[in-house]
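You will see two complexes here that share chain A, one where it goes with chain B and one where it goes with chain C.
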Partner chain A sequence: MTVAEFFSCSLLAFGPPLVMFAMTVANDPVRIIIMIAAAFGWLLSFLLSSLVWFAVVPLRSYLAFGMVFAVIFQEAFRYGMYRLLRKTEAGLKEISENHEIGSNKLEMAYVSGLGFGLMSGAFALVNVLADSIGPGTLGLHGGSEYFFVTSAAMTLCMILLNTFWSVIFFNGCDEKNYLKIGWVIKSHLFVSALSLLNTKGLYAATIIPSYIVLVINAVVAFQCAGGTFKSFVQSFSVRS
Partner chain B sequence: MLCRYIFLLICAVFIKLTCGERLHEQIYSSIEGGAACFRRLNGSHQAGCSSANNGAVGVVHFVRELSDANWLVKNATAGSYMAIVNTALFREVIDTFLKQPENIAGVLLYHNSSLGIPAFSQDSRCPNEYFSGPGSTCSSLEPSSSVWNEGGTNLMRRDIPFPIFFIPESRLEEINKIEQCFQSFNLDMDNQNGRPLCSVQMHSFMFAAVDSTVCMRRSASSALITSAKVCDPLGDRNVYYSLFPQSKETKKRVVMVTARIDSASLFDGISPGAASSAVGMVTLITAASILAQMIPVETNTYDKNVLWTLFNGETFDYIGSQKVAYDMRYGEWPPLAPLKYSDVEMYLELGQIGGSLLLHKEDEDWPFKMFAPVTANNLVVVSETVEEMSRHLATFNMSLQLTSTQNLPPSSLHSFRRILQDIQEEKNGKNLSSVDIDLNGAMSQMVMVDHNDHFTNVYYNSALDDYNNIGFNYHNLSIGNDGTFITTNDLIANGTMKRFEAQVKIALLATAVARTLYRRIVGESYTGNLTASAHLVDEMLYCFMKSQACRLLLAADYAKSGGGEENLPEKPAPLYVGVTAWPGTASVFAGHLLALLTGTHLAVNRTQCEAMDKIEYSYYWLKGWNHSGVCIQTTMNFSQAISPAFTISDYDFASGEFSTWTESVWREMWVRVFVAAGGGGARAAGVTGAVATACVAALTYWLRSRARHIFIEAPAASLVSTDAAAGIMRTVNC
Partner chain C sequence: MSDTGSDTEEATENTALIMDGHIAEARPDREIAERIARKRKTKSETQRTYGSVEPTENSGQGSSSGPGPSSAPVTNNSEAQIEELELKYGARHVIKLFVPVTLCMIVVVATISSINFYSVKDVYLAYTPFHEESPYAVTKVWNALANSMILLCVIALMTVLLIVLYKKRCYKIIHGWLILSSLMLLFLFSYLYIEEALRAYNIPMDYITLAFVMWNFGVMGMIVIHWKGPLRLQQAYLIFIAALMALVFIKYLPEWTTWAVLAVISIWDLVAVLTPKGPLRILVETAQERNEPIFPALIYSSTVMYCLAASTTTAAAGEGEQSSRELRPLNPHGNSEAGNVRESGGGDEGFDAAWQARANDARQQTGPQRPARTLRVDGTAPAQYTTRVDRPQPHPHPSPLADEEKGVKLGLGDFIFYSVLVGKASSYGDWNTTLACFVAILIGLCLTLLLLAILKKALPALPISITFGLIFYFATRCVVKPFADALAAEQVFI
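Coming up: the complex of A and B.
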């Protein structure tokens, strides 16, 4: 049963992002480069936040403290990615054989967000997946056997959120719209804070609000990218 | 360190674990203190247990009645099960499991003495049946046959298709841990399938398989292949000590007095062997020490000698005695002054004694039986000895009866009888009709035991044969600085010990044995008043049954050059013979104790001691009673206890002539308890994962293909012209 758990949890957490990667990123080397660069950026942000956590000894035992720093560093690196991409945009476009690149300004934002999210998701889940191979599952000292599913679902949520956040954040930076940037940071903090509830085993209290935030972010990102509800509805009647 | 902290942080923030613990520790709980059943092999079979290479997993089920066992093999629905059995039920339950092992992943056996355990012995009903001498009638296969070990299940010699772990009583809290888990997950026995269930995983994978021939071949390295060792021959060392020094020139006829050192059990590291072997060994060492005082070595004027011998590996088809008997046949044992069979006037074995101690814990009696194959040739020696011994025992209110029979209880004597029969057959030109094996009065054979036709020790060679089985209570009296022990009479007079206690009885038995031997050597009855000390027996039993960190063993240990105290572990030395590659501690302790208690203490320093070179003696520099080091001149020596099967080149392992036991190699043994998933989580994740992936795929496809129509208000692309350097770049392949 546990091998099945491993594969189904992997599917739940990484299936959707993998499909997105395959359909939108994989066919363009430049996008792959951007995605990898973003993933690397996320790793650097995490290295820094762990250094802070390591350095400030008295606060080590407080999860919330480490969490806040992790969020701040991630957002700082998201801004770093934005600066980097805007600087290298022209060059990247030069070497690209795909002329469609850059037709939408937020394409880069989407790709780098996916890279951010995939790396954070990998970090979050790989360790759990390793234990899901079994033969045991949670339950001996409390916890339920649905722990692995909820972890996978949360990971999927974080990957998609990171993607949308990048889109909103980049758009906010382009337009100097600090409301959008603030919204990204606040919703990131909110979702991370929600996950603290897992200590008490309140999985539903984490997942449901997180997915609500995900839907809101998806809508905002969609609008940032230039989509409207009307255009979406119309797209079903228009022949491409 | 840094990596570890980063890792922990990641766990903490993103996996959202309670208190930042490793997830692994939340899932699994290790069961500590268990002893695994392991695999031994002989010339034709493999015996014992092994798990699969990655361990055996099964759903926990507590077997409290026989009906639970039947439910497991017949009605259980959730696949493989781990049966948690107590020692009281084990004997009945294991039969059921071995008949239908399909549902059984493993057995976790725990000891709870409050349940009252009727009989518990994993040895054969006829121990070492196939290596018995002529005239033995015990047959484990015939149900009607009168057998020695009535409670024997023979598990130690059977191939068990699942792993078994034993949890001693001191670790009962581990069972409580499993029980809690069982209570919260597994109680609904009819609907177990597809639910999260409390389960146990056992890992005790054995490298060796099939039989000794195969595993020795696999272990042997050739010029081409260096192979990993998969099994080792069983064996250790025999201990022997003669009252007077023997050399080739001054050889005397000897009286051999023997006992066995080793015991065994099904489980690794647990072989208490109290009544199985330890009492006999302690009696022998005590008797040897008191005889050495009765007949000081300086009065070496007698024409007879006593050779005290402790055999090792006797549980496994008489390894030690086979080696000695085999070497004696070729005039190679003892190496210094080889004996022929005709040199051995009398052979007295202190067999399995101690089983009746518990039956007589309220009275002074301790009835013994002397089994002897009496013939016209040895009638005189045997009857004299039995008479003398029962006279001495009678003064202590104990009794001895002679049983004249060819059907001897399991004892080292069988090895000698088999070899003697071989010699006789060769002499008679393979005339099998002759069973008169006495070589002109050589070797009057006697085995002294405290049981009749069946063992009184119901825990023969098992994990439960510990100090409780002989009712031993340690008194913890200090020993004098010069090695003086309080005499038995004083102990009883001042009320420290009672007359019924095991220590006192063993001391009296040892005294009777020593006085009987005195008569045989000196030729007249002993008139002095030397008796073995119950204080010495008390200490010695404590050393072999409760803790190696005892006064006697500390005194008998090698003195280190630095003079530092070495800490011996506070648990009894395992009496299991072990493998030849690793020297056992029990034989070393027994040998050193003999040396310390019987040898001459020389007043020389360490350098002088090491320079001593009288050929008929050995010299040991031991710690001594005051731990300052003492030089012991002794005739005690060690000889190999390894089956001739492993020393004869091209020996046919299937011939059944010598013991062929080997022990498998293993890497690790562990047990852990956890909750196994019922599959609900996997199904939920699978379904939601598939749906989510499909939805995202559809949405992505739609947004991508209709991007122009959907993102109509897209922010303007960057201002950089696409044509600027396009021509140049496109010619570069980068």
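Coming up: the complex of A and C.
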């Protein structure tokens, strides 16, 4: 049971991102490097936010405080990634095999967002998964038996959201469209604040709105990348 | 081994040829490269630097690229080619190092987290006489420092010994040494590993089967590492050896000594490679003067280039087939009597350690040598071309194949110490720490390779990565872990 739970949860959380990684990132070295750089950026942001959380001793038990700082630092580092990628665009183009890397401006945004998301997802879930494999099981002592599943589902949501946020954010930065940047920060704060409800066991109240936000973000990101409803439909009809 | 000179000549020319073919065909987009060439301000300086590293190249370079980027178009062009090469040596080759480093780490981490044996401290190396058993922090600190200093001294001593042997051209002794140590790793430590793995997974196995498996495994490893074999297999063995060595370090070094050793080793790496009289630098310079590859057992190479031999190398390498490649300095017949007898146990660890340290400079070959070869091509290529190649190949290799030639090399020592760091991090059972160290090391490796592309001289691969790794290890363990655990427990997602 524990093993099954481990695999189902890890596949639920990391399956789609891994497929995205394998199909879009893995075959291009430059993208892998960008992804790892983004992961490192996320790591730095998390380090800073935990430093803040750690330093402010009296508020340590209030995760809301740490959460707000974490969101702020993450968005700051997203901006940092944006600056870094735009600065090194030319260099990246040169070291890459295909010189097309910069042709679609949001390609890098997507890749770095995936790196961001994967790292945050890994940090959120990897220890939980390690615990899930046993020994022991959930649901005793009044704990919820849905702990792992909800964690995995939320992790998946956060990974995908980070990807979309990066796309929207980079696009907003390119176009100097502060509405998009604001939307990213706000929705990030919203989803994170929503997850505070998990403590109380209100999983439905967290997950459903989070996925609604995810869908909205997906649509916005799709539009940022130049997609329209028509092209969306077309992409299906061409393939079939 | 009597015809070392001619061997090396041929090897160099063959590789030069490869480079030539690569340049001739694979890079149609000159303008980018030229732009970079013009952009480069530090060119003259770097040339001076590796001029000193590698005397042989001055003859080639002096004629073609004396004044720097703003000279005649021909010069500019060749400069551009170098630039192009150096830059091309980017992305894909970085990944080619990422994969083996990752694999090595995965082996170590998987072992550490599934087999208890390697995280239990009971026996220690002879080099670490202080076992950190005192409860006082101060005592632990000086114990760790003393241990790491002793280990460092051993490593330095072995490195110097190797250099002396190399300078005196005692190849047989060196190879006997290397063969002996890899023999021990492949048989003794693999045996221990398999035994513990079987025990951990509770699998019964009789000694006959085990002996059969070990014999085949070990002998094949010896053949593949020291003589010839498919490249993939060789790489796999080298990765496995590095992982084993890392496990040995994790198992037999006391807790804090491991961290101290990591720090000290990366500083030593820095000193040994970058100071003008650094031992590793001397080794590499000597190797480059003699136009020889550094010992194949010490280097992970992403291609076959380092072991290109005199015979049909160009063709073989071009095809990506390894059947005809040979390890040049190593003659299989000379090995048996050459081994200088080492004492078992601790002593072996010692030269393995030294061995890794030496291995670190393997990667130095990549940076500085390349330009020299490309430059030298102009004169000699056509003649050599017709004489050497046994397969009818017009100049250009198909570009992907040609790209294959420019392998990246990383010393096995770097593999080992990266894995030690990650494995040690994972031995505390926190996966976040492991992940953080892993990403930090990869980024460090990236930065090192970036610096290599910029500075074009031999660089130690340990310092940046290990520094990042150590910072992230301690930061994650002390600060990040409580936060991450709290977030995970409360299911707050940021």
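Here is the rule we go by: the second predicted complex is superposed on the first by the 234 of 240 C-alpha atoms of A that agree within 3 Å, B and C clash if a C-alpha of one lies under 4 Å from a C-alpha of the other, contacts with A are read in each partner's own complex, and residues count from 1 in each chain.
Going forward, contacts are C-beta pairs under 8 Å (C-beta built on N, C-alpha and C of every residue); 3 or more make two chains touch, one makes a residue touch a chain.
Here the structure is a predicted model, which is why all the values come from computation and not from measurement.
Once the two complexes are overlaid on the shared chain, A:116 sits clear of chain B and of chain C alike.
By the document's definition of touching, both partners, chain B and chain C, reach A:54. Of the two partner chains, chain B and chain C are each touched by A:124.
Touched residues of chain A were counted for both chain B and chain C, and B has more of them. Once chain A of one complex is fitted onto chain A of the other, the partner contacts of A:15 are limited to chain B, with no touch recorded for chain C.
Residue contacts after overlaying the shared chain place A:82 against neither chain B nor chain C. Contact with neither chain B nor chain C is seen for A:183 once the two complexes are overlaid on the shared chain.
In the superposition on chain A, contact is made by A:195 with both chain B and chain C. Judged by the touch definition given at the top, the superposed model places A:169 against neither chain B nor chain C. On chain A, the surface patch touched by chain B in one complex and by chain C in the other comprises residues 46-47, 49-50, 53-54, 63, 66-67, 70, 94-95, 97, 99, 120, 123-125, 127-128, 147, 151, 154, 158, 192, 195-196, 198-199. Across the interface of their complex, chain C is touched by residues 29-30, 32-33, 36-37, 39-40, 43, 46-47, 49-51, 53-54, 63, 66-67, 70-71, 74, 92, 94-97, 99, 119-120, 122-130, 147, 150-151, 154-155, 157-158, 191-192, 195-196, 198-199 of chain A.
Looking at the complex, you find that chain B touches chain A at residues 2, 5-6, 9-20, 23-24, 26-29, 57, 181, 185, 196, 198-199, 201, 672-686, 688-690, 692-693, 695-697, 700-702, 704-718, 720, 722, 724-726, 729-730, 734. Listing the residues of chain A that touch chain B in their complex gives 1-2, 4-5, 7-13, 15-16, 18-20, 23-24, 46-47, 49-50, 53-54, 63, 66-67, 70, 89-90, 93-95, 97, 99, 102-106, 120, 123-125, 127-128, 131, 134-141, 143, 145-149, 151-154, 156, 158, 171, 174-175, 192, 195-196, 198-199, 206, 225-228, 231-232, 234-235, 238, 240. Across the complex, chain A is touched by residues 29, 32, 36, 87-88, 90-92, 94-95, 98, 403, 429-432, 435-436, 439-440, 442-443, 446, 453, 472, 475-476, 479-480, 482-488, 490-494 of chain C.
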